[in-house]
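Quick one: this structure, given as C-alpha cells, is what I'll be asking you about.
In order of appearance the chains are A, B, C and D, and numbering begins at 1 in each one.
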C-alpha cells in the first residue's frame, strides 16, 4: 500500500508537521508515503517526488517551510469559478492520473487552501481518491475551528509588536504594523490584542481615519505618547470604499502598502512622528510554535485515518476539542470572518482597543 | 464603583494578562481596580494592595509572573476537605471581610486554582461577592477547555526538547526530560508530541520499564541511536504501584526526581548512555506566549463582565470557541485528565510514540 | 554627590543596561543619579527628569528601548560642521547649564552617537564636566572595538533570515533583505554570514547587478533554487554612482527602498520570482542579547569610573578584551568601515558568498 | 585534494558552523571534505564517514549539535599525562593512519578541547598533518580570546534567569541556578551579570555562605524580597575546601548538585523559601547565537587556510579582532581563568553583585 502527499499554495509553518504525522501514521500501518514536489506540479510525468522514509522524519517537525516545496502557480493554478469548478484542463488531469497510476498511489493527501482543495476535488471526480488537509495561515476557513500556521503567524506579529513597543516608547512615536489578512482580520485581531496594540484595523470592521486620530489624541491626553496600530492588508474605509481605492486617489502618500498609507495619513492628521513596518513573509517563515506542530501532526495522522476509512473527498477539520473531518465540497465554500460582535472583538474593545469604527 | 483582584497559588504565565484585561475592562466602565498583594494574604488588615491604574498597565501583558505577587502558603492555605469545604478559620474570613469593606470593594476577582477558588467560595458564603478566573498551568480543570499558562509551559518543554535533541543526537544518548503534571499528563503529552519525543510517560497511562526499553531497542535497530523520553512528575507503574514507591525501594539509583530515576533504570536496562533534565520552574516563568496573553486578557475581560451581570459564584470558562462562565462549585470538583483513548493520544501512538504501556 | 545621564539619538538595545550599570556603580559610591528625559531636551528648564533609584533598576536590564526616552530632533539637534563643531546656539547651552546647576549635577553622562557626543563636548567647553558612552547600532565608531546594540541588531537579522530561508526554499525564490547600515556594512556582513546569506551588498564593496545575477545563476546550475541576498541601506554601484542615483533614473522599478529595487532588478535579470523584506525598526527594538546587556552594563560602570577619576571629555571604549576610555574629540572623528580585505570579508567569500563585485 | 574533519568531546553550539566554514572554503579551493563520525572513533577501519557536499550544507549553520556526531569516550579517550603526552596506544594510532591513508586524506581538522587537540598532536607526531579548532563551551582556553558556543551557553543562562526572575519575584523566593564551569567561571560571570543575578559564585573567587546570606538579608532590608544566585559547578569554599568536600560531610542536605546544596544552605541560614534549577545539557543544545555561528564559520574557514599554508600543528585562535592561529602545543597547556580583579568582575561588583567573598 502506497499513498501520496503534496503541499500546494503559500508557505505555512506546520506543513512539515503534517508530513511528520502522515509518515508516522502510515509507517504504523505498514504503508509507504511518496511526497510530490512543488505542489501539484510534481504530479506531471515522469513525477517529481521523494520517498518519505520514517527514519528521516526526525527533525522536520520543527522546520518551517516544507521539505516538499510548494507553489501557488504552475499548470494546476485553478481558477475557482462559480460552483467551485476548477478550470484545470483535462489533459493536465490525465497526466497527473498517469503518474499516480504508474507509482501505484492508492490515495492522495492534498495539503492546501481553497483553490488547492478544489483542484483535489477535480482529481477525485476523475477517479483519484483524495483527502484534504486545510492550510490557511489566515485561519479563515469556516469548516475548521483552527488551522496550523495561524498561531505561528500571530506569534510573529506579537514578537514584532514587543520589539516595536520599546522603540515607539523611547521616541514617542506612532507605529503602524501591516500584517497578513486580505479577507479576514484574525491575525491582526489576535496578534493585536496579545501584542498590546491600541488600534486594530481589519476588513470586517469598517474604520475611518478621524476615529483613529481621536484614539491617538486621547492617549496623548492621558500622557501616553506612543501608539501601536495593527492593520490587516485588507482593511478598508466605510461606504464600501476600499482603502486601495482611496490610495490611488492620494498616490502622493503612497510609498508601499496600506501600512505606509495609514502611517502617512495619521502623521498628517495628528502631527505625530509615525513609522510603519510591513511584516510580510516573516509571518510565513520560521519554526512553527508548539501548538502548530501539534496541530499539524494531528492533522497528518487524521488524514491517514481518513484514507484507512476510505472517507475520500473529506477534509481534516478541527472540531472544538478534537480533530475530525468534513466533506471538502462543503468546506471550501465558506470563509470564516471575524464577527464584529464576537467575544474576542468585545475583549479588544473592553481593554480600550479602537477599531477605528467609532 | 471599585473592585478587587488577587492572584493565588503557583505562578503562571498570563497572570498579568488577566490583570491587563480586568483593568482595561473596568476602566471602560469607569470602575477602579485594587490589586491585593501576595494572594489572599493581602486581604488581612490593614490590607496590602496597590491601585491598578490603566495608564500603567502597558507592558505588563508580556511580563511573566504577576505584578501582584502570589503565594500558595499563608493564612488562607485552604485544605480542601470532603465536599470541597475549605477549612479556613472564621476569624481570618472576618478579617478579610473587614478589609474589603473598609476599601469599599464591591466584588472580588480570585485568580487561582482549585484550592483558591474554594477559598473564594467560602468568602462568598460569608457575604462577599466573588467571581473566579481559573488558573492551572497543568490545564487539568474539567470546567474549562483551556487555561492560560498551559501553552507557555508546553512551549518551554518544546524549546527544551529542541535543544536536547541536538545534543542527544550528537552523543547518541537517551535524554529523559521531567516536566510538570502531578495528576494529569497534558504538558507531557502536548509538549512531547510537538517536541518530537519518542516515549511519553503520564499518570493516565500506566507504563512499565520493559516497554520503554523495547522502544529504545527498536529505535537502535532502525539505526536511530538517540531517544527522547518525556516523563510527567506523576507518571507511575502499573498495578497501582506509584513510581515513588518503587523509588524508595531502589534508592541507590535515586539522585533526584522521577526523571533521574527513569534515566538510571533505562541506562541499566539498555546499556545506553542516558542523561536527565528537570525543567522545574523554567516552565512557570518567562514571557507568556501570544495565545496565553490573549486567553488571559479574554479571561480578565470576562471576569469584569460577570461582575457587571452580578453572576457571582461563577468562574470564567473557555467553552470551545468562546469564553463563558460556569458555577465555581461545579467547576472545582472535576479534574480533567488525558483520556487514554482520546484523539491526541492516538495521534502520539500513530507517529510511533510509546507510552510504555505496551 | 549627584550625577546626570541622558540618552540621545536613535533607539538601541542595551541603553537600559547602560543605565543599570551607571545606577548600580553610583549607588556603590553613594552617589545619586538623575536621568534626563528625551535626550538633551530634558536639560531645558525646568528640567524633565526622574531620580533613578537603585531598587527600581531590577528588570530594566532586559528591556529594549530606554526608560529615559530619547530623541534625535529638538533644540539640541547638532549639525556637525567642519572640525566637528556642533552649531548649538549659546542660549540653549546656557539654559542646560542652568538646569544642571540648579539640580547640583556634578557631571553628565551622555550616551549617544557622533552628533550627541559632539554636543556633549560643546557643553564641556562651556564648563560642564561630561563623559561619553558611545552608541551606534551600526558598530561603525573607530574608537571602540564593539558597541552595545550591534549584536542585537545582527541577531534580529539572523532570526529574520532563518525565517525567510524556509519560505524561500519552499517557493524557490530569491529573497532580498534590506538591513541597516548607511555608511558601514557591519550589520549586513555579520548578519549575512551568520544567517547563511549567499549575496551580501555593502557600502564598502561596490557591486554590480551582473555579478549578483551570475551568483544566482550559478546556484541554479547547482540545483540550488533559492537565494538569499542581504543588502545594507547604503550599498551602491561602482563608479561612485550611488544606487539611489540609478534608482531615480529607473523609478518605474521603485516601490520602496533599496531592497525593493534590488529585488526588482534581480527578477528582471534572472527571471526568478523575488520578494523583498525591509527589517527597519525591528532591528532597533526588542530585548537586548546577553552580550549587549553585558556590554551595556560594563560601559555604564566604566562611565561612572571615568567621573570618579575626573577623566572628563573621555568616552568609554571597548579595547580588545576590556572596556577602557578614549578622548571624545578623537573618537567622534573616525568612522570604522568594513575593510574589503579583512578576515571577516574573506570568510564570507571563502564560504561562497558573493559581494556582487566580481 | 581531500581533507578530513572530525568533532571530538562534548557537544557545543556552533560545531556545524565550523563544518559549514570548512566545506565552503574547501569547495572554493576545489578540495573535497570527508567528515568522520563520532569523533576519532570514525577513524577506525574501515572508517565511519560521510562526504560533505557543499550543496547540502545549507541549513546546518543554524543547527545545534553536530551532523558528524561526537563522543568524549571510546578508543581515543586520551588521558592527558604530564607534559601533555596523550596515552593513546600505538596500535590505535596506526589504525587511524591506515584509514586516512586509504581515503587519501591529506590533512585532518580536529575540532575539540584540550584532550582532543592533544590526541591530534599525537597523530601529528606519527606523521599525520593536523590542524586544530578549539572547542570549549566554558571559554577557558588561554590561547584564544573567544570560542564558539560560549555566547550560546551564556544566552541560555540569561534566558533561564529571565524566566526565573518573574517567578522568584511573584513568590518572594531565592532562586539558585547551577550553570556549567568546572574550572572557570566565565559562563556564570557573563550570564550572571547579563541576567541580573545578585550573587555569583565561581571557582576563581572563594566564597563563604555567611557573605551570601548577608547579601540576601541586605536585599530584604531594602524591600527586595527575591534574590537570584548563579553558581558555577566548580565553585568552592575558602581554605581550599571544595564545596564537594563539605557536601559529603553534610550529605543530609544533598539532593543533587551544588545548586541544590547552595539552595538548602541558604534556606537554612536565611529562613527564605528557596528553589534550585540545574540547567545542565540545555546549555549545550539549541541553535547557536548569531555570534557563535559567525565565529564558528570564521574558525572553519581559517582551518582550511592553515592547511593551505601547511601550518600544521597550529590551532585557530581568535586574536582580539581577527581570527589567527597559534601552535597547538602551546595552546593546550594554558587554561584561561577569570581574573578576580579584572574589569568584568569589577563591573559585577560595581552594580552590587556579591561573589560571596566579602
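By our rule, contacts are C-beta pairs under 8 Å (C-beta built on N, C-alpha and C of every residue); 3 or more make two chains touch, one makes a residue touch a chain.
Only a predicted model underlies this, so the values are computations on that prediction, with no experimental measurement involved.
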| item | value |
| --- | --- |
| Lowest number of touching-chain links that must be crossed from chain A to chain D | 2 |
| Chain whose average C-alpha position is farthest from chain D's own | A |
| Whole-Å gap separating chain A and chain B, where each centre is the average of the chain's CA atoms | 30 |
| Gap in Å, rounded to a whole number, between the CA centres of chain C and chain B | 42 |
| Centroid distance [mean C-alpha coordinates] between chain D and chain B, Å | 35 |
| Touching two or more other chains - residues of chain C | 162, 165, 287 |
| In the complex, chain C residues that touch chain D | 17, 20-21, 24-25, 27-28, 54-55, 58-59, 61-62, 145, 151, 154-155, 157-158, 162, 165, 190-191, 193-196, 222-224, 287, 289-291, 293-294, 297-298, 301-302, 304-305, 320-323, 342-344, 346-347, 349-352 |
| Residue ranges of chain D in contact with chain B within the complex | 7, 11, 15, 38, 63-66, 69-71, 156, 159-160, 162-167, 169-172, 175, 255-256, 275, 277-278, 280-282, 284-287 |
